[in-house]
Structure formats: structure tokens, C-alpha cells
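Here it is: the structure, laid out below.
Order of writing sets the labels: A, B and C. Residues in every chain begin at 1.
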Amino acid sequence: MAAIAVFLVVEAVPALRVNKGDFFSEVIWDPNGTQTFGIAALAFGTVISSLLALVMALPVAVGVALFISHYAPRRLAGLLGYVIDLLAAVPSVVYGLWGVVFLVPFITGPWKFLNEYLGWIPLFAGDSVAGRSVLTASVILAVMILPIIAAISREVFLQVPRSHEEAALALGATRWEMIRMAVLPFGRPGVISAAMLGLGRAMGETIAVALVLPATFGISFQILTAQGNSIAANIANGFGEATPIGRGALIASGLVLFAITLVVNIAARLVIARRKEFSGAAA
Amino acid sequence: MAKQITVSGLDAYYGSHKAIEDVSMTIEPASITAFIGPSGCGKSTFLRTLNRMHEVIPGARVQGKVMLDGQDLYAGDIEPVSVRRMIGMVFQRPNPFPTMSIYENVAAGLRLNGRQAKSKTDDVVERSLRGANLWNEVKDRLNKPGAGLSGGQQQRLCIARAIAVQPDVLLMDEPCSALDPISTLAIEDLMVELKSEFTIVIVTHNMQQAARVSDRTAFFNLAGQGQPGKVIEMDETSRIFTNPSEKATEDYITGRFG
Amino acid sequence: MSAVQHISPARRFKDRLAGGLVYLAFAIAVVPLVAVLWMVIQHGVARLDLEFLTHSMRNIGARDAGGGAYHAILGTLEQVALSSLISVPVGLLTAIYLVEYGRGGQLSRAISFFVDVMTGIPSVVSGLFILAFWILALGMPFSGFAGALALSILMMPTVVRSAEEMLRLVPNDLREAAYALGVPKWRTIVKVVLPTAFTGIATGIMLAVARVAGETAPLLLTVFFTDSINEDPFNGPQMGLPLYVFDQAARPTDVAVDRAWAGALTLILIVMLLNLAARFIGWWRSPARNR
């Protein structure tokens, strides 16, 4: 672990030395040519695409998990759980392939529609609306992390002791009230860590994003327009033709990605630990 | 307000398996009725049909009538949710919500019926905890998790939670089987105190317990190997334990089988 | 309260609404997921033939039809096998230490924490690390082995976690029964604990293998590309199936995209097979079967 950080730092330092821009605020990424590069645009693209993906995937995934654990008929639920597990194992490059071949052309229409009628929301504004946009990448990421979050959430929901559910029902709770009273509070730490795992996956996801995003540099909240990039995708795209300085720069960006995911993971752990007193370990 | 329950011709099933057959009885208001009998004879199943908890288990269903003061609980327009609201239940193992504090546990049922003023909720929580003989032990740590209490305290917390919504009937499914003798005594005392306000039905494996606390006792047994359970005899507790009219009852209470 | 009352319309509405949303969520989720699988199968079958499985991409340009993924399949199998060879023993020993020896001590808590954090390492970072450490710092060439190293960084925490969970499930009574017979600790672990937990550990390893088999990014940085067959995983660039899909998908011609689909289907089939193998091991050794 520490070794990873050390080696990444060692390899990144020479490149950072020659950097003509400020690494943390520079938007341009051109280590091979002008030797000016900064992480700002890439980090921004990484965080916004992953957050959007999480926002889209989490409610749906929790819904799917609840459906399998508490709504679907028993036999169907077993089958569905198995399918979700299998989908969680589908390699991400497959989702990327699907994204670039099918989703990008398909989704241009809906995006234009959003842009036209909801363009007054800054998020949906912009002129060059296209399929290869941040939102498309987020959709693919969301589809990709959905089975992972759903599979883990279902697992925790199924672990809710029957006696707690019956306690809620015996108080005269409806099914939804029972879920809110017994299932969700019990499952919360599990769902949070599932979400964080999903977020980490989305941020580290390289290939799907690399295939979809047009690899431009810039910071913009116009998530429907043809722009955007992410740290991981940039590494995949830029690695092939990188000079030694370029490699160092890419390694430096990997270090930043590493740091971001580390922060996310530790944050998740803290959230879970804070609720530990109520985790029901004694029950 | 304690209410009377009248059951007639009740069968309960798990899928195609018939667990109890043709049970009819009257449970008197403001008294304690005990169900005794060997394991697996359908006492708990029957208890769960009284507040429609039986049908929570996938594939489980019920035929027959259960009347609460003349109202059929299995009539088409009655929702199980509102039945359970009026007929509370305490389970074999104490099951306070682990993510809630003591206070929140007791208030859990109240919150279902919409928000109330804090002071009113405070009153109900205190009254319920006092009713469950738990107030003095927990009043200084209402915001601590309920799971941190001892087993006996947890069970009394569950009783407080059940009586906080002012049900008419309180069903107890072997409430002391997971507790030590001292906690058991505390719960038994509590039952006797509560019977003026609630109709109490208790399933127990412990015949001394039935004899100590209950006013009437029903003896359940299987009709035969692999057959559904039935009520063999139901009478005043004192009669059941001194002079039962059925041979099977006498065999059971004198320990000759079961 | 006199008679049984109906629940308030607001509560009923909320209950119905929540139920509806849950069903809706399920519908929303099923559509894209099934669409992905369906498209992969539909497009992949077209090119998934004997030639695809037995030929490499040597001397075949993006525009040419034909060509195959033999070199990539071979590469993936070798890389995954190598990374399992590295991470399974290390992961298993770590788990044994955590469960059997280091109960709650400082060291075991530190290891546990690092394993947790390592689970969250993005795959591309593990690739970068091997690049920085193995290839740049030590001057080794791009090779299948470097890829296997990167994959084992990803695989190890998964193996540790699942093995640890399974070992913890072994009842303490079993251990004590063995100690009571005077069996030394290491023999107890080898003869009693490990066989008992075998099924679960094997399942966990299979799932970990299936996961890394689909990783692309670390390979990209450590194995590099090639269109030829390279049977030696220690020397020179290799190919991997995920890499192959990525490479072909990025080429702008229909025949290349078709090859990508076929590669994706092959990859899914391999991963599914590993998953099924995991389930089979679980079922084969489960008590239910022996009843």
C-alpha cells in the first residue's frame, strides 16, 4: 500500500519538476508537447461523472434490492438474485463496448430533447449536444455499478432478522413502514459501503469512459455537450504515445485518483463506524 | 379497552400442510388466557392467526372466523395492518429495533399514526415504560440503544412498545422462554398488572407459569402423528390443573408425555 | 377506539407509492442490463467461430475480415493463472494469520485496515504501480507476468476477505476438539480448519478470479498490445481478452467492432463459466447434497 504510493511519487516527480503549469489548478493536459499539465479538468470529470452515476444508480439499485428481498415472489427472487450476481461479474469493458456501439448513437435524441426543453437548467445547457457527453458516460457507469450495489444491498436486506420485521408488522406497520422501520436502518451501513464501493468502481473505471468520452480538457457543468474526460480514461488513452515525461504525468494523475478513492473509502468507513453503537451487534 | 375474541371453526395452513384444525374458543376480556401443549402442536400458529401475523409467512393462509367484539377480523374489507394495530404482540425472543434508542423503540408504533407533539409522545413513552415496570431502570438513558439492555429488560421494552399504541389485546408468544427466572418473574408480575387494561393471551411451555398467571387455559395437542393440531380442552385454569375432563390433558400436565 | 378502523389514506398511499417505485426501479434496471447481454450475444455469435478461437490478429488490419482472438484468450488464461498462483497462497496465509493467530492484535488490525483500503484501489492505479515499480524502476519489459502482478494486487484483498469470512465461520468447538486431542495448532489448521472451510474458500477464489479476468486497465499499462501469439508470459508484450475488446472497439470499422463483440462474448462466457464453477463447488460440497 505504502509502497504503491512511494513508487508512484518517485516516478511522478521528474515530470512534475518540468511541469510549466500548476498541477492542481491547470486545466490543460499536454505533458508531451508544451509540458504543461494539470489535474483540475481530469479530476473534475472523474468526480462529476462518478457522482452522477451514483445518483442515478443508487436509488434504482436499492429498489432492485428491496424488490428481490421483500417484494418479489420467493422463487422469482432466487432466480433474480442469481442473475444480478452474474451481471455484477460482467467485465466493464463489455459495458463500454455496449456504450460506444449502442448507447452513444441512441441517446443523442433524448439528450437533444432535454437540452431543448430543460435547457434553462444550467446542467442541461450548451450548444453542441452530443451522444459522447459526460452524462452518457455517467449512464454507462450507472448501469455498470448498479448490479454491484444491488447485489450487496440485497445481501444486507436479506440479513435483517425476521424478528425485527415481525416486530414492526405486529405494531401495525404497512409493508413500506416495516421497511423503513426495520429493514432500511439495519441495512444502512451495508448500503453505504455498497454505494462507496460503487463510487470507487465508477471513479476507477477506465475503459468504458475512455471509449465514450471525446477526451477534451475543460471544466464545464454542461453535461450534455461533447466534452469531458476522466483521470482513468486519460491514462488509458494517453499511455500509448506518452513520452517519459508524459508517463510521469500520467502516474501523477494516477496518484491523485488513488488519493480521491482513498478519501472516499475512509469516509465510508467513518460513516459506518459512527453508527456502530446502534449496529445491533448485541442483538 | 380490553375486548373479547371469539374464534369459530378456524383452520390454518402452511402451503398444503394443515397446521391447526377446527379451533373454536372464546377468549374473555380483561383476563389472561394461556395456551399449553407439546411442541409443534400449533399453539404459536394459532396465536399468530389472532392478529393476522400468520399470513406474513409466504404460503400461509387461514380459514374460519376470528371475531373481535363481534367484528370479523378476516372480513374482506379489513386490512391486516389495522388488525395488528389493535392486537399487539410480544415475541419469544426480545426484538427491540437495534438501530433505535430506548425512547424511539417505545415511540415506534406511535409514529406510524402521524407526527405528534413531542410532549405528548414523551408522556406516552413514560406511561408505557412505567406500565412495563421499566421506567425506573432506564429513565436516565432513554437515548441509549435498546439492544444494550439485559434480556429481561429488552423483553419489557418490547412490552412497553406494544402497549404504547393502546391495543385492545396483547398476544405473547412464549415471552419468557429466553429469560432467566428472575426476569421471568418480573414479566409474570407485569402480566397480572396489565390484565385489567388488556386482554392477554400467552403461549407457554412452562406449565407452572400457566398455572401461576392465567385465568383460563387451553390445552392443544396433535390429533395424531402428522395430523393438524387441535384444542383438546379449554377451561378455568384451576380446573385444568386439578381436575381436567380429558385423559390427554391429565397425561400432559402430570408429565406423562410431551 | 371502538371497531377496527381503516388505515389513513395517506399511509395507504405511501405504501402503494413505495411499492410502485420498487417495481419501477426493477423495471428500469432490467432494461439496460438485459439489453447489454442481449446485444453481446446477438452480435457476438456472428463472429464466434472456429477461426476466431484459433487464429491471432497477425497481419490483419482493421479493415480486413477474419482474424481471431486466440492470442488474447491464451494471454488472459496465462495471466489469470499466474496472478492466482501469486495471490491465492499469499491471500490465504494472510487470512489464516488474521483469523487463527492475530486475533484482535495491533498487527492484525493494521493488516485488516490495509486489506480494506486495498479493496478500493482502482484497477488502473494497480496497473500504474506495476508500471512504475516493475517496468520503469526495475527496467523489466512489458510482459504477461507484469500484468499478472497487477492483477494479483487487485485479487489479493478479495481472496483475503472471502477466506477470512469462511475461516471465521468454522466453529470454535472444532478447533478446541482438536486441541483437546493434543493436536498442535498448525496441524489443526491444516487438517481440521482448512478442509471445513474449503468449499467457501474455493468459491471465493473462483469469484475473485472471475473478477480479475475481466480487468482491462491494468493490462493496458503492463502487458501492452500485440497482434501476435506470444506463449511466453515472462517476455514481451502479450494480449488479453479485455484488452482485445477495447482495442477492436476503438477501431472504426464494422469488422473490427464485430470482432470486439465476439471477444466480449468469449470473455463473458469465461467469466460465467468461472462463476458457475464457483456455484458448482459450493453445491457439490454442500451438506444438502449428501442428505
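What we mean here is this: contacts are C-beta pairs under 8 Å (C-beta built on N, C-alpha and C of every residue); 3 or more make two chains touch, one makes a residue touch a chain.
All of these numbers come straight from a predicted model, not from anything done at the bench.
Q: Go ahead and name the chain pair joined by the largest number of contacting C-beta pairs.
A: A-C
Q: Most remote chain relative to chain C, going by C-alpha centroids?
A: So the chain farthest away from chain C turns out to be B.
Q: State, to the nearest whole Å, the distance from the C-alpha centre of chain B to the C-alpha centre of chain C.
A: Centre separation, chain B to chain C: 49 Å.
Q: Between chain A and chain C, what's the gap in Å when you average each chain's C-alpha atoms?
A: 18
Q: In chain B, which residues are in touch with two or more of the other chains?
A: Chain B, residues with two or more chain partners: 81-83, 85-86, 112.
Q: Residues of chain C that contact two or more other chains, please.
A: 7, 11
Q: Please set out, as single numbers or ranges, the residues of chain A touching at least two other chains.
A: 172, 174, 177
Q: Considering only the defined contacts, which chain B positions touch chain A in the complex?
A: 51, 53, 56, 58, 81-86, 88-89, 91, 93, 95-100, 108-109, 112, 145, 147-148, 158, 161-162, 165
Q: Touching chain B in the complex: which residues of chain C?
A: 1, 3-8, 10-11
Q: Any idea which chain A residues touch chain B in the complex?
A: 73-74, 161, 163-164, 166-174, 177, 181-182, 185-186, 188, 275, 277-283
Q: Where on chain A does chain C make contact in their complex?
A: 1, 3-4, 7-8, 10-11, 59-64, 66-67, 71-72, 85-87, 89-98, 100-102, 143, 146-147, 150, 172, 174-177, 179, 196-197, 200-201, 203-207, 210-211, 231-232, 235-236, 239-240, 247, 250-251, 254, 257-258, 261-262, 264-266, 269
Q: Applying the document's contact rule, which stretches of chain C touch chain A when the two form their complex?
A: 7, 11-12, 14-15, 17-19, 21-26, 28-29, 32-33, 35-37, 39-40, 43, 114, 116-126, 128-129, 131-133, 136-137, 153, 207, 210-211, 213-217, 220-221, 225, 242, 245-246, 249-250, 257, 260-261, 264, 267-268, 271-272, 275
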